[in-house]
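Let me give you the structure first, and then I'll get to my questions.
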Amino acid sequence: MIDCQNILDKTYQKVRAMENMGAVASYIPELAKVDPAQFGVCLITKTGEKFMAGDSDIKFSIQSIAKVLSLSLVLSKLGDKLWQRMDFEASGSAFNSLVQLETENGIPRNPLINSGAIVICDVLISELANPKEEFLKFLSSITGYEVNFDPTIAASEKEEGYRNFALTNYLKSFGNIDNDVEIVLDFYFSLCSIKLSCAELSNLFLYLANDGVHPKSKKQVISKSNTRRINAIMSTCGFYDEAGEFAYRVGLPGKSGVGGGILAIHPGKYAIAIYSPRLNPKGNSYRGMKFLERFTSKTESSIF
Amino acid sequence: MIDCQNILDKTYQKVRAMENMGAVASYIPELAKVDPAQFGVCLITKTGEKFMAGDSDIKFSIQSIAKVLSLSLVLSKLGDKLWQRMDFEASGSAFNSLVQLETENGIPRNPLINSGAIVICDVLISELANPKEEFLKFLSSITGYEVNFDPTIAASEKEEGYRNFALTNYLKSFGNIDNDVEIVLDFYFSLCSIKLSCAELSNLFLYLANDGVHPKSKKQVISKSNTRRINAIMSTCGFYDEAGEFAYRVGLPGKSGVGGGILAIHPGKYAIAIYSPRLNPKGNSYRGMKFLERFTSKTESSIF
Amino acid sequence: MIDCQNILDKTYQKVRAMENMGAVASYIPELAKVDPAQFGVCLITKTGEKFMAGDSDIKFSIQSIAKVLSLSLVLSKLGDKLWQRMDFEASGSAFNSLVQLETENGIPRNPLINSGAIVICDVLISELANPKEEFLKFLSSITGYEVNFDPTIAASEKEEGYRNFALTNYLKSFGNIDNDVEIVLDFYFSLCSIKLSCAELSNLFLYLANDGVHPKSKKQVISKSNTRRINAIMSTCGFYDEAGEFAYRVGLPGKSGVGGGILAIHPGKYAIAIYSPRLNPKGNSYRGMKFLERFTSKTESSIF
Amino acid sequence: MIDCQNILDKTYQKVRAMENMGAVASYIPELAKVDPAQFGVCLITKTGEKFMAGDSDIKFSIQSIAKVLSLSLVLSKLGDKLWQRMDFEASGSAFNSLVQLETENGIPRNPLINSGAIVICDVLISELANPKEEFLKFLSSITGYEVNFDPTIAASEKEEGYRNFALTNYLKSFGNIDNDVEIVLDFYFSLCSIKLSCAELSNLFLYLANDGVHPKSKKQVISKSNTRRINAIMSTCGFYDEAGEFAYRVGLPGKSGVGGGILAIHPGKYAIAIYSPRLNPKGNSYRGMKFLERFTSKTESSIF
């Protein structure tokens, strides 16, 4: 990409100079402790070029971005059978809404909303002998280095995770959870607790920019068709009720986390990760959204 | 595109050989009269190559596909001000739902749902001296030939259009309609009544595959950035509560109409139109969906 | 009733001395013109005793209180067949909500919510040769004197009645309106426009306190069992989403109107009407609610 | 009451002769074991007359009828402060709906819906040193004999009580539960597990027919005004989304339980309990509803 580092630097400086608005997620006590001024970016192309700015090596809790990883793992194991237990439509609602589950009999709208991600955890627990270990092994096999859960963050989430307990019990009342609620949520909170830097995150997700094959490890993480499907699902469902906003302003498939991270994919080209913990009212990184809007506009990266 | 005609023919034959399921739209009496066996396809690339199969020259009522045209016109006139009167998020609901309007105080979720398209009609009536004439002139300026409303279909829709009268009165009760309900809906029903063939439809929409410029007439229909935004909106909202399904299976921005038409765009490459009047339970052309899923898979056309 | 005039006077003075809060209904221009300080009460027992205070002879628009009259007429004509077209459950929603109609396929929750009252108008138009005349004759046959519509108010309501046009078109889209929307709403707005004083209103409704027979005219307006049913319906549905509040604080079946009137029935004992045009946030007369709470508590009038 | 035993017997025989429709509640395993043919009635007047038919001495699980007892206890302890944590409006929804909690920020619609009753359990746990013991003592002080929880039923409910766990966690996520979810639900399931016969149940509730004073023990269980309020709340909220039906057909305040019991009050006159475990589609005793409709019609017992 011509001039990529230059555009990335200028955009970074511009957004850094703007007022840093929004609030750090406070409902998870451990997340509330991060420094709100942190701001990092890393873009890696499928050919291995790497462009960075700011705090690109500071680790942060990836939170809901992990939902794309568990979706990848479960699709590689289960294939289309997954869709008997959830849909892949936009929800038009907040990430933790219970309303649609009531009218739709416990079938989550999509795998990137909390209810869908929790059902995926349930599936993985049923499918895998040692779900936590095998999940981490799955990640290591992609990146080539070790990835770990953060037990402090996981414990902190569990402590205040009443709504997720509500969701999971509700799903179970409809028969869409097979395992114990406690076990399912223990796995779910562990997934959310993974900490990665922008550099690590963009590297990890390169398989989605390369037809399912990680360009360094050459590992076929998922099939080409499932790669497209995951990118499609991120495009329609990756930002909850701001998915249309992200498609409109940024124009790339992506996924955000309340830890302040955003991961976006330019299919066939690159993966980019941004981290800045202050969130806009919809729960997506304030600076992350600003950065990506400007950056994709300057680089004409939109898939549309 | 290498071998495009061959893949198109084979896919056409394969889908034609499958059982033609679903029902022709019956709530508009005039639409119910079409021959359910009609089935046509036309793809035109931005470089002017044209590939056709079946009834590609039979005209049909484009219905909601017209919403993309009125959105294009209004964005070229009004720009971002439009978004004060509607949003661009997926609705997660049926095309004519009133529920979200109640909770969201008369702000339509997006411009491709009925309520949003009706507000756009209201805007155009306020902005244009002769809305109907200027709209047709806008279309002719793109295609180079005359396009007309079909008064019989428009009248037929009005006759049974109670839900659209409900929507429009409801929008007006929230203050989001400035003009008379009758006048707004007369314009809206006229737009929906336009009849075009697959060949005409794919030609008309080529500007969305070419950064806003129609490749034949060289007319800059809309700006490059608005082109991307319209494609983004089609991608998240073009198929009502089957938008995720379309992204997942087809992977292109697109828009369907209850007349049995589907229009899809491969940005930077081509526009394709399919027509087959039997609809699946979500109101989208049964054969159109089957055809596009197979065709984009074979040609690896997904934007994801 | 021992000491009734005394309690009525004292309660009236007490409530009059309190700050007169809330706003006069403004969405109907004609209603917005009334003097907000007006305040009247009249109670008539089934044995003919009459107790009054304040502006008990000032006429006001009875608005939704008329829904009980049209329900009485339609039940006397149609009996239980009415319940094929609506239910008699509390709505738990505002008086003009469209949401439940969507999930319940155009079946109004009860006859005292706008949608239900509109369906009743439709039924009466189908059943009666001259609905307006026969409705007024029905009222006169109860009271012995002439009752009239107020065309200025009816016209004023029609002018801004977009939500009722929305509701009626919506009902028609579900097939639950047989006649023309314009004709149905013309009748509906006429019913709402009737002007009566507290003295007239409490006299008119005495049949609901006397097993269906008006004690003066001896006319059997409706059967004994339908009298109980109408009182039951008022008790659960007469105050929209404040029905529980009214049952809890007042403890009588009753019905309010946005004109500022409230009518309540003590079955077997009396009818009482209060008028004061300032409304609380739920759309019920602010002083009317305060008065009735105190009055029924002092007289121990609750049916519970 | 003249001829009461005669009407009660005849009505009992008539309903017994009808087909016994509906299904025994199966979601609580222990409840599914009861004999579906059981059918008993007991009416006790405030003056001490007692009329019975059928299995009036067979004990059954009173389930949600216990919500009226916990409401009585909490109102006697807390008074109007309770209404800071819940409302007293009809819900218009099923007994275990989560939807309204989402739109109303965790404030239950009324104390007789599951969410409201669970909040009351939370209040009682905070207010009482030994909630279970003191609750049973409260009941014994009314009846004069011992009342007990049924640990087998309570355990059975807990085992499948995912939706109640969902509700309670959801309420806690809104800050409307102070104590541990497990402790709150343990108390809640215990309350629901109480077993009483129709004879015991009608005797226990006589205070609601006598201005709050139990006529035998002379104990003032609650104040006169709270008695009226509880009867009012039963009248608008006692039968979930069949409350209107019960008011329309029966015309008395009442409360049902999924164990097949119904308790109804004729204020100032009597308490009546019916037991028959087959439930209609709304979850209320099929024979209980049939019996009460006929009985109150014959005895002209409606409060309306």
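Each chain gets a letter, A, B, C and D, in the order it is written, and its residues are counted from 1.
Everything that follows uses one rule, which is that contacts are C-beta pairs under 8 Å (C-beta built on N, C-alpha and C of every residue); 3 or more make two chains touch, one makes a residue touch a chain.
Being a predicted model, the structure only gives us computed values, none of them experimental.
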Enumerate, in label order, the chains that touch subunit A and subunit D alike. none
Compare the CA centroid of subunit B with every other chain's and tell me the farthest one. D
Whole-Å gap separating subunit B and subunit D, where each centre is the average of the chain's CA atoms: 55
Rounded to the nearest Å, the gap separating the Cα centres of subunit B and subunit C is 47
How far is the middle of subunit C from the middle of subunit D, if each middle is the mean of its Cα atoms, in Å? 32
Please list all residues of subunit B that touch 2 or more other chains. 103
Chain contact topology (line, ring, star, complete or other): ring
Could you list each pair of chains that touch, in label order? A-B, A-D, B-C, C-D
Subunit C partner, complex, touching residues on subunit D are 87-93, 100, 109-110, 225, 227-229, 231-233, 235-237, 241-245, 247-248, 251, 253, 267, 297, 302-304
If we count contacts the way the header does, which residues on subunit B are in touch with subunit C in the complex? 97-99, 101-103, 162-163, 165-170, 172-173, 181
